[in-house]
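Common to both upcoming complexes is subunit A, partnered first by subunit B, then by subunit C.
Right after this comes the complex of A and B.
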């Protein structure tokens, strides 16, 4: 199998294999932006691989040089001269053509909370604050149950029965509501962060990184401080996750 | 007097009264200094930003290069190898050429601050005035020491070489002290300390200097300066290599490029640890600031950083692998290259995987949310720490293989030694991966602590491997001399890419460090009320940094060209000894 021994063929096979793995081996499918990033890295690594010694580099360039220089390869050159611009043109078209979908945007992972917020005229510190209801160890179950009731009445429509962000309204929103089952959401956050997000909702998000496109309402006019802490307790209990603790600060 | 005249006189009187009332106020306003002035066309922020970044680039270069120049001089002095002395002199020559430009840019920056941000400058002076004198004194001391070090190279040679080396050490001490003073001003703006609630100095200025981020930035910048100096010096050597007209010249600059890259790589390996320490301290000072930096609107900058650092890792290793071609006997290590590329590429992918991906609505729905259920695991610190530690270990392995490429140990215990070395590397990799995976099963606070174990495992492996390697290859049998100057020319472009990438990276991360203050001149103390108070978007910042990087390299090329003019037609500039012959190489490696 001389063809397989060729460095050029190896490089092409490597790229095709990598694309196949990224495209079909990752489920659910990887977003196109990530796929492009991965392929760029694999391409770079492949070029490094074939050119990391002179013999290999010469061997890799051989077919390219022959295609460009060899008089016998003129039909191939003409074919490539047509196919490559057509492919590039098609790619440019797919990128530039109007689509029914909104274009993807860079989104921040999570917004930075303020040090303190105003809640119904009262200043509540966010930085370093713990859920006050957790001190009442005897009533933890009661608070979680109350939180569950609040969740069902108010939050379930977007965040879903299973707290997975697939509520009945969820399909109308972009970005979709937060999936609390994902270990990368509430488990990464202190309860005070959730408190801020629930109290101030989408309108209370910081100016930087706008537009946030969040439809989360500000619940400060509808829920009491205790109710918000209760629903937070429910979120962690129902998803079997632990809130992040505060680091000791200076 | 007619009614008309009376009305006219009344109007005049009224006008005079208004003038009499408003003139003193206008005069007062004129006497009052404005908080801001507008720089023509560019705007004040852009002007200060560009000059500050250029000044920092030059300052990093002139502070970083002497650190390894003096070490190389010491090596030459102790081993009596003239090549090292020549190389050290070459490096200091580069520094010397950039010295006055650094000072000029510093002065320009000062004028811009005083002229366009007078209120801010007045406030900073109210806190740091005592340090200005110290800074000026240190600058004079450093300048004269470096002058003496450079011009006295031949005068203080032979038996007086010790004095000359001492001058080099002294200039480094002064240089580092300058860095520490300037860092205190910058870090105070991020994490002010030692002041009252109104922002006035509470007691001694020391409390303001020794603020929460001062020492982490000192460490981070000191190491980064060495990397930066190494990459710029290597790029200079690459430039000279590509333009060389003789084998001898090519050999000399090949060797210089190798040393520059070696210095950069050695410091670069520990740089991520220093950066991590700085990040943690910013979090510890203020969580909001930390979140803004890592998870908030600065988070995409870290993806760009990951891509650039991935390029640096891949590029540095690639240069070493290409360099092995000029070492007879290195063929036996070539089989490890595909494995190392695999680890580096995989690490690169993990590091560059964003936590919050750029997705269409359809993609988000297919993923079941904004986070991918599989790839999302690669977006968190557990995965990224594991990836970077594995990349560091791989780069270290590349270096070890390069180091021993033309040497075969003659020690009786060489087999056992190599076994222990491999065991140390494998053990470190196991520890890194174990804590990386285990990190997903514990809470965040515990997971953060795991990074310390990972770092210790990698550093431990490096120490163990080198502790065995040095005695094992002392007096080793050579498989042939290094053929300096025969390296593939594409390797030199890699050196230039590394320098450009690192300069760009420095500018971008400098923007992150500065941008996390958002609309504050001094965080939580002095609000930025200028027209430029909004934090610029990342795309805009990237464009600014790109232009600054291009200007920096244009200036560097011009300065180096000027520096090179004096060498034309004479082998030894400034009366220094002519360049030693390096072509044909030596059995010893740097």
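Right after this comes the complex of A and C.
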């Protein structure tokens, strides 16, 4: 008899295969809790499969029944009676002896921007606003150059010479400084969003971004409105990326 | 060894103008707009002087320049540019050399290091003798912490003050931390700095290896950075003496500190970059043992060295916590603030400069300074007397931040080094849980299996 035709072997193979796919096929690796959830679903599906009719179910239970009942399987029973308790005991030990880790910091990475902000007492609209300096097409290069100077004097310490968030102070802080080379940062944000984040920094983060661990300064204390729009232009120019546009309202 | 490739200076110019010009300047003179805040300064390529080289004359090889571009200058603002394609880096080598073509005309003459000596106790001992014989300690200090008697007067070739390398922090060595790099720096010096070539000054050529082995023995290749400050539970009294054997038995966690660049005066070049933290608690008190390097002991009022451990005034109930930079007007912080010569105080801060001592402070501190290193024990009662100071509870995660300043380097808060919030946790007293639970689980499992088999067989 082909061993692959046995319902029991099929069920075990299904579970092993599914585990291998979840564990090694998903990149980046899924956390253990997610794996457990997926495996529970696969396990239920397997039970449904092997119990689809009573013959199949009996066939599935066969190997289990002989292991428990067959007098000739006594050595196997003794072996399992030692191995399974030892494995579970070892698992309990790893759980009980685990060193505590610092709790994870969950936060909204790109919180929703406000409709408008106060910039040194002046109201500035954020929603729907484009970079005003881009209208002056003749001076684009000049603004980017000015932005570069502002960047190297202020931002480089954390965000890095290569704009990859690996400045000389970067590794001391959690959350780490934004990596502008990453397509998941400035490329998917409007320039006005950046303007808001630069003006208000860590102290101006909204409620959903607690625990407010960000060390990003509020740059309204140090830079002018124009300087901030210039440094934003530099960020896009230096990383060869385009800002996201506001969706036009119909 | 990377094989040298011929770079194209014109292609290098394009990369240079995109990636290097903001610090090194359009003319290559190291005077880009970013230069003013940097220490060490960006390299002036027009001088043709290169710190890190493997040659005996003043001309570096192309590989030497390529290596610095690719690996950066650790401990400075020069990052590793290995993110650039290799070809671009060779183009850059050709371009930066073109700023001083005249001065680099001579052919580089390779340094021949003597045969490598493997590290051993005897070699390290010989290295230590040489270290004193050729007076490395005059600048680098008796134990290598950059605190030698002449350290305050050192200037580079451009008359900028320069700090000797801290030999216990190999990861900040400009030319790399491996022993071959160290032996090379000893043999042919660091150009443009007060570090001379010792190749001929040592007794025997292989002494450069003994010295490198000795220096490698002074500290780890990289620090073991902590992600959590664990406070060890003890039943006995905790000693006040920072040099007590008790503290050596507790594993330290290294916490990196960065410059405070938010409020004026900003600190772009912080003096203190690392503090090793040990901590212990018993039923009455909690004690922190801090170790950090500072080349000068300063205790004069207004110029003193200091350190602060910062906590929220009460253990947080939600995810919110005060602003990491000493809190703000609405949410203050609690600090254990130690200043050399004045001791430790319990204070409340509502932002930099808004520091107020808490009445009835009971914290105590004891310090020891030797060979460019502070060791400090700060103690406080575990329980809190009032709402302005936090109690410390076992097994709870408590936010903690560290600040430090070096008065001798002109630092005073808020011109200091700091961290953002870390977590501190008082370890629970050693319980026997991990030895009791596993056997119970194993026995229960066996019992269930036994019952199932028995029941099934009796029915069958």
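The rule is short, and it goes like this: the second predicted complex is superposed on the first by the 146 of 250 C-alpha atoms of A that agree within 3 Å, B and C clash if a C-alpha of one lies under 4 Å from a C-alpha of the other, contacts with A are read in each partner's own complex, and residues count from 1 in each chain.
Methods note: a residue touches a chain if its C-beta (ideal position, glycine included) is under 8 Å from a C-beta of that chain, and two chains touch if they have at least 3 such contacts.
Since the structure is predicted, the reported quantities are computational estimates derived from the model, not experimental observations.
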Greater subunit A contact set [subunit C / subunit B]: B
First, second, both or neither for A:52, with subunit B first and subunit C second: first
Touching partner for A:164 - first (subunit B), second (subunit C), both, neither: both
Touched partner set for A:84, first subunit B, second subunit C, both or neither: second
Touching partner for A:73 - first (subunit B), second (subunit C), both, neither: neither
Contacts of A:23 with subunit B and subunit C, given as first, second, both or neither: neither
Touching partner for A:182 - first (subunit B), second (subunit C), both, neither: first
First (subunit B), second (subunit C), both or neither touched by A:101: both
Partner chain in contact with A:134 - subunit B first, subunit C second, else both or neither: neither
Partner chain in contact with A:208 - subunit B first, subunit C second, else both or neither: first
Subunit B/subunit C common contact set on subunit A: 101-103, 105-106, 164, 166, 171, 174
Sites on subunit A touched by subunit C in the complex: 65, 68-69, 77, 80-81, 84-86, 88-93, 96-97, 100-103, 105-106, 148-149, 151-154, 156-157, 160-162, 164, 166-169, 171-174, 202-203, 210-213, 215, 217, 238
Partner subunit B, residues of subunit A touching it in the complex: 26-34, 37-38, 41-42, 44-45, 48-49, 51-54, 57, 101-115, 127-128, 164-166, 171, 174-176, 178-179, 182-185, 187-188, 206, 208-209, 242, 244-250
Touching residues (chain side subunit B, partner subunit A) in the complex: 212, 283-289, 291-292, 294-297, 299-300, 307, 310-311, 314, 318, 321-322, 325, 334, 337-338, 341-342, 344-345, 348-349, 352-377, 379-380, 440, 443-445, 448, 488, 490, 518, 535, 538
Residue ranges of subunit C touching subunit A (in the complex, touch as defined): 18-19, 22-23, 32-34, 36-37, 76-77, 79, 81, 83, 227-228, 256-259, 261-262, 268, 318-321, 323-325, 328, 395, 397, 419-423, 425, 433-434, 437-443, 445-446, 449-450, 452-453, 456-457, 460
